[in-house]
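The two complexes that follow have chain A in common; it is paired with chain B in the first and with chain C in the second.
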Partner chain A sequence: MSRTGIPACLVGAHRREAIVLADPITSDVRSHIVGTTAVVYASDYLNKLTGERIERECKKQLDSGCRTLVIDFSDTGIVNSIAVSILLGIIDIAEKREARVVFSDVNDQTVQLFEMLGVIKHVVLAKDEQEALNLFSPPTQTQAMSH
Partner chain B sequence: MEPNTQKLIHSFSALADLGQEIADSGDFIEMMRTSLHLLLGTIGIRRGAVAECLVHREETNTLALWGLGEDYQAKLVVEEDDREAFLNLPTGALRLDSKADPAELLLTTFLARHGEELRAEEIELIVPTVVRGAVTGLVLLGRKASEEAFTSEDIEVIRAMVRHIGVGIHTHRLLGEVKQRAEENEKLYQDLRAIYRDTVRAFAAAIDVKDTYTQGHSERVGKYSEIIAREMGWGENEVEGIAIAGYLHDIGKLAVERKIINAPYRIDAKESSELNRHPAAGFDILSPIHHPYADIPLMAKYHHERLDGRGYPDGLTDTQIPIGAKIVSLADSFDAMTTDRPYKTRRAFDSVIHDLRANTGKQFDVQVVTAFCRALLKELTGETKERKFLKMLGKNYLDAEKDAPLLRELLNELDPNTQAAAAGGV
Partner chain C sequence: MNNPGEMRQVLGRVKREEFAGRAAELDRIVAHALTAEGSTADRGLLILLAPLAGVSELLRQAYDRIFHRQENVVPVYFALPATETTAVSVAIEFLNTFLLQYIACRRNEPALADAPLTLNDMAALAPAADVDWIEQLVAAYNQQRFSDDDRALVRFCLSAPSRVPDHGGRPFVMFDCVQLSAYDDDAVPLATEIVRTLVSFDLPYVFAGLRREVAYTFDRAGINASSLETIRLERLTADDASTLISSMARRLDVTVNEETRDLLIQQLEGSPLFITALLQAARSKHVALNSYLACERLYVEELMGGTLGNYFASALYRVTSDSDIRGAIVRLLSESATSKVGGASPTVSFKTWCQRLKLDAIEVEKILRRLHTQELVNWDGNTVDGEGGPEAWKDYLRSRFRLDALREPRALVFADLMAAALKRAPEKIARHFRQGANLRIREMLSRFSSQRVPRLLFDSAEFSDVHKGGTADEIVAALDADTDLVRLPQVFHTTSGVSFSPELRQFSDEENCAIAHAFDGATYTDANEVVWMVAKIESKLAAGLDLTRLWLDRLEAVANRRIFLRIQIWLIANEGFDEQAYNLLKARGAYASSQQQFELLSARLSEGEGPAAHAGDPDEFEFVLPMSSDSELLAANTAEQIARRAQFTPEAINQIKTAIVEACINASEHSLSPDRKIYQRFRVEDDKLVITIASRGIVPSNIENRNTAAAVFESVQPSAGLGLDSGEEYGDAAEQRRGWGLKLIQTLMDEVEFERVDEGTSLRMVKYLRKG
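Here is the complex of A and B:
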């Protein structure tokens, strides 16, 4: 929640875009908010430690009212098994809250892994962050302009 | 890369990670959480749990949960017959998906109890962890993210990983048992030590009963020795040992005639020679006993030795005398000086200080006297709240205002550098 008591992502919607940095002590996950969409950046090697950080960040964003999660893999080279399980957990939580999950900028090797394990059945893949945002941005833009 | 090759590499990599996790992790619950993640992420399963079967009980204890309902605890009842049935599953796993698994017939009672709740949680596969022919736990697995049925290859990989998890549970259980045994042994050992200490106290009382005029002497020597050793920075075990040595130092008096010990006059040379046998006699009594502390018999044997070689029974000099014997020697002499004897009343404290000053370096070791004076000074000045000396010497013996300066003065004189200089000048 913001200082005004308005969910962070709605503050973002009002201002069109707000940079939200995660708590540097508990997590070094980069994220920002566009409308009701939270963009969370995965690290170069997605394992248990970094996977759990992303999980915490995604939960935080969902708790604050975001309805779309974009997890950006542009920096990610490798995703291990533990991280796959954690990502499936994030998808599960998002589904229970009727939120959508988009994976952006995923490299070919990771796409193959996600295909093999059925992960892509539950997420939308986008070429890059911008494409991911465009998928859901029109209503957000309207909302932002109406303010 | 061929999908099958990629799948194989992914599975092998996960198996290697799992093996490392089971071997390395110190935190058992975290190890189980990670293992479950590894298993789910290897096959692409959305939810699951690891439950251990409790020993001698028909219940499970949940070790890790992922993706299941918030209130679901995976608390299962697994009877002896169920465990037997899980052991005999033809494929090593029980399928709960749409295709009826013939193995369900083996687990009718288990499924009657839990089938509905497991299906409600979308559990599709149950794999027992089996170690040395016994079921140690159950791994519950939900639907694959691909929404396809589990293949036989999937089940092979899952079983291989579940075997690792089973080993992790078994090892943790064994470590728990070893720890429990170690704790029991430690308790037994402490009980034995307590019995030993009580026995020693009883012996000390028996020694002192023989000597009408020095009742409580052995116990006080034990306590003074303990104070000195602690002040010298000895470890707790060694401090206990020196206290025991103090309690037993005069045990050889049991071999000396009572009339000599209790003579209400200064004993003659012959009687003195008889009395002086007691350190060696003490050594003979204590040597056959296996004491839990080092050198107890030697401390009894040498507590009448002097640094200048004029002591008995062996006339040892400074470095030949064990430090423990030097401590007991001072404690013994201090108690002798500060308690009434048949032929003399106890000395005033300033006279005791005078004796210590005169005999340090000849009879007493400087480090031991220094530690003794420091401990007594701490009690007199209130630096320590303990009142050990006060209890042993009685209320009116010490006067802090008068005696603390005497101790400080002696301590200044006993400064090791000064001692060294003096020794060098002789």
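Here is the complex of A and C:
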């Protein structure tokens, strides 16, 4: 829940700058909402601790009614295997709730790691956050016209 | 301090520069004199002596070194005389020696150290600062010596050094107790009194004696010797004995050549006592030791009527003063020595000894203990092994038996002994040279310590196929580049095959066959225990089928008899093995090497030796990180810098970083480390980066009983988790997905394995440089 008591996904802004900070007591994970999509930002080093924070944040967003989770790795340099197992847990939870998971802006090293551990087969990869948002959002008027 | 090279001899009998082979021990004694203080354990220095190793000159040299420093420490050297008969007379002699040497040092007058002065003379010569306490000591002694209490007098004399007041010099007493057993029967237990007095001193001291005697003496005095600093003195090494012979022969003007020098070393088994005795005899008899004949003649003369014979006669006299019993001992030992069966050591029961000596058990025990102390026999309480003692002792026994028991003519015994010695000489030297070569088998096995070496070195046929015709440099370069490696076990004990099976002596020289007990893999477990059985086959050409089969059968028979559960046979033949023999070896799981392969392996194992090998190496980095959140990131970033410097590609750098992160996590999660630290070593080599991540603590269950990292990876594969590259279905619980770390590391790095460590784990990872 956001500080206002309104589900976070319903009050989120459409732009990345409009970040709704998660509860500072339980998590310092950055995230924001675009429609029914929650964008959650992974930290520079994704380990057990930061992985669990992301997991909590994702669960919270799903609880709030989000249908798509975008986990953005643009700041992430390195991911360890414990974090990978946590990410797979997030995918499990999302699948059970019929939500989709997109990983965006994943560096080559992490892609290689995800490939090795078979994560790729269970998640959609997007070049960046915008591409991730576009994957499951109806095209905007501007985008439709540009086609 | 004076220049040691110009040091005047005080008690030393040879010049400092001619004193061979004990430099380290000498330094330790001097250092102990100057620095030892504090607790009882810290003040004492034990010198445990192998028979004939010689300690007197070492202590005299130490005396001279300390004397010439003219610091506050006053050296006192006292050797128990072999000729004194009572503890009281020895104690009085000690008091005299102490005062004499004390005054000599305090006055810096070396000549006084062994001057024949009375106690009153000494009191008169005492320096002004010491006059009072010395006069008091002499007065007290004069009172004490007329009392009836011998024990009190002994204690008074022995404790004299502790009466030096604080403003005086600090005595450093060196007790040379090699003759201690001569005082066994005295009413006053001299050994116990000496030990107790030394221990009660608030002064540093040295107690030197035969190793078996020292243990017995301290035990009897009720003092734990194990906590004292200890020097173990063995006979001289061949190199040191060679130096001693050369320098002494030069000093005594005795001619020796290289051949006779080697013979003397072997014949006298590196004993400084015997070497000195023989060279001095050569000088006094004007004999040039320039042939085997001259050496052996002098040896037999000395054995039958010279210093060597006197030494053994005295040793026997110390065992018992009864000449009939000595004769019976000689007879018994001679007879048992000639009744060897199959090369095995002759053993005789204690009961037989009692019967043959016609003595009661207590008397025989006393005799056997003395023989055992001098290592002339090995006695375990039940049986007596007469195989002990040097070769010269056996020659002595033989000659005495024939002279005294069989009453044979002396000339005949002399001739026979000399003929035997001459026949033995070339055999002895040949054996020495073979030992030199074959010791390398045991030496090499003892160097096995989980190193990785090219598998090809244990496969004679494949090695020949690949490297035949190659120059030495080419072969070494190819082996360096070889990535098909095997891990050697960690050997913890090596011995001759004859130790396990005396009959092997019939088939080859004792040194040609070695057995090594070892552990494979990362942990000391039953499953990892292995016995390497190694034999060098005598064959000029490639060893054939029959000979090879014979050796395989022999070694396997020994393994069966000794119940070696897991063995690795390794046969070495000069030119390798012919095709049939090679196929047999392969079929029976044995390793096969030529002499060339053996030498290449030896060179590789020698390369990595010694702690200095990597010390100060500019391409090696070591870090210790705490096991805390994110510390693995520091390790990864460090590795990144090192790998970048070594010009690894960005992709490879990322792989290395990920592997290190996983290794650190593994170390943190599994080890229950007591110090919560991760020890990391990065070594950049020409073509690779070698990273070792180690931690203390327990060995994780997934590593225990596994020989290779691959086995670990199999064990950690989560049953419901993902397979690498497989995209298999995965389970629900995150915990089930854990345990990928090691498998990831294996995928990311080129070589991964656990190294042998005593505690915890050490994971070694290698990434080869492939410049992109």
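The definition used in the following text is that the second predicted complex is superposed on the first by the 121 of 147 C-alpha atoms of A that agree within 3 Å, B and C clash if a C-alpha of one lies under 4 Å from a C-alpha of the other, contacts with A are read in each partner's own complex, and residues count from 1 in each chain.
In the analysis below, a contact is a pair of C-beta atoms (placed from the backbone, for glycine too) under 8 Å apart; a residue touches a chain by one contact, two chains touch by 3 or more.
Every value quoted in this text rests on a predicted model; they were computed, and no experiment measured them.
Look at chain A after the overlay: chain B and chain C clash there.
Touch criterion met: A:I82 reaches chain B and chain C at once.
Put simply, more of the residues of chain A are touched by C, taking chain B and chain C as the two choices. Judged by the touch definition given at the top, the superposed model places A:Y45 against chain C, while chain B stays out of reach.
When the two structures are aligned on the shared chain, A:L117 is found in touch with chain B and with chain C.
Chain C is struck by only one stretch of chain B after the chain A overlay, and of the options 127-135, 145-153, 343-351 or 361-369 that stretch is 145-153. Touched by chain B in one complex and by chain C in the other are residues 80-82, 84-86, 88-89, 92, 112-113, 116-119, 121-122 of chain A. Across the complex, chain A is touched by residues 629-630, 632-633, 636, 651, 654-655, 657-658, 661-662, 665, 721-728, 730, 732-735, 737-738, 740-741, 744, 747 of chain C.
Contact residues on chain A toward chain B in their complex (touch as defined above): 48, 80-86, 88-89, 91-92, 112-113, 116-119, 121-122.
Of all residues in chain A, those touching chain C in their complex are 45, 47, 49, 78, 80-82, 84-86, 88-89, 92, 108-109, 112-113, 115-122. Only residues 1, 3, 6-7, 10, 13-14, 17, 34, 36-47, 66-67, 144-148 of chain B touch chain A when the two sit together in their complex.
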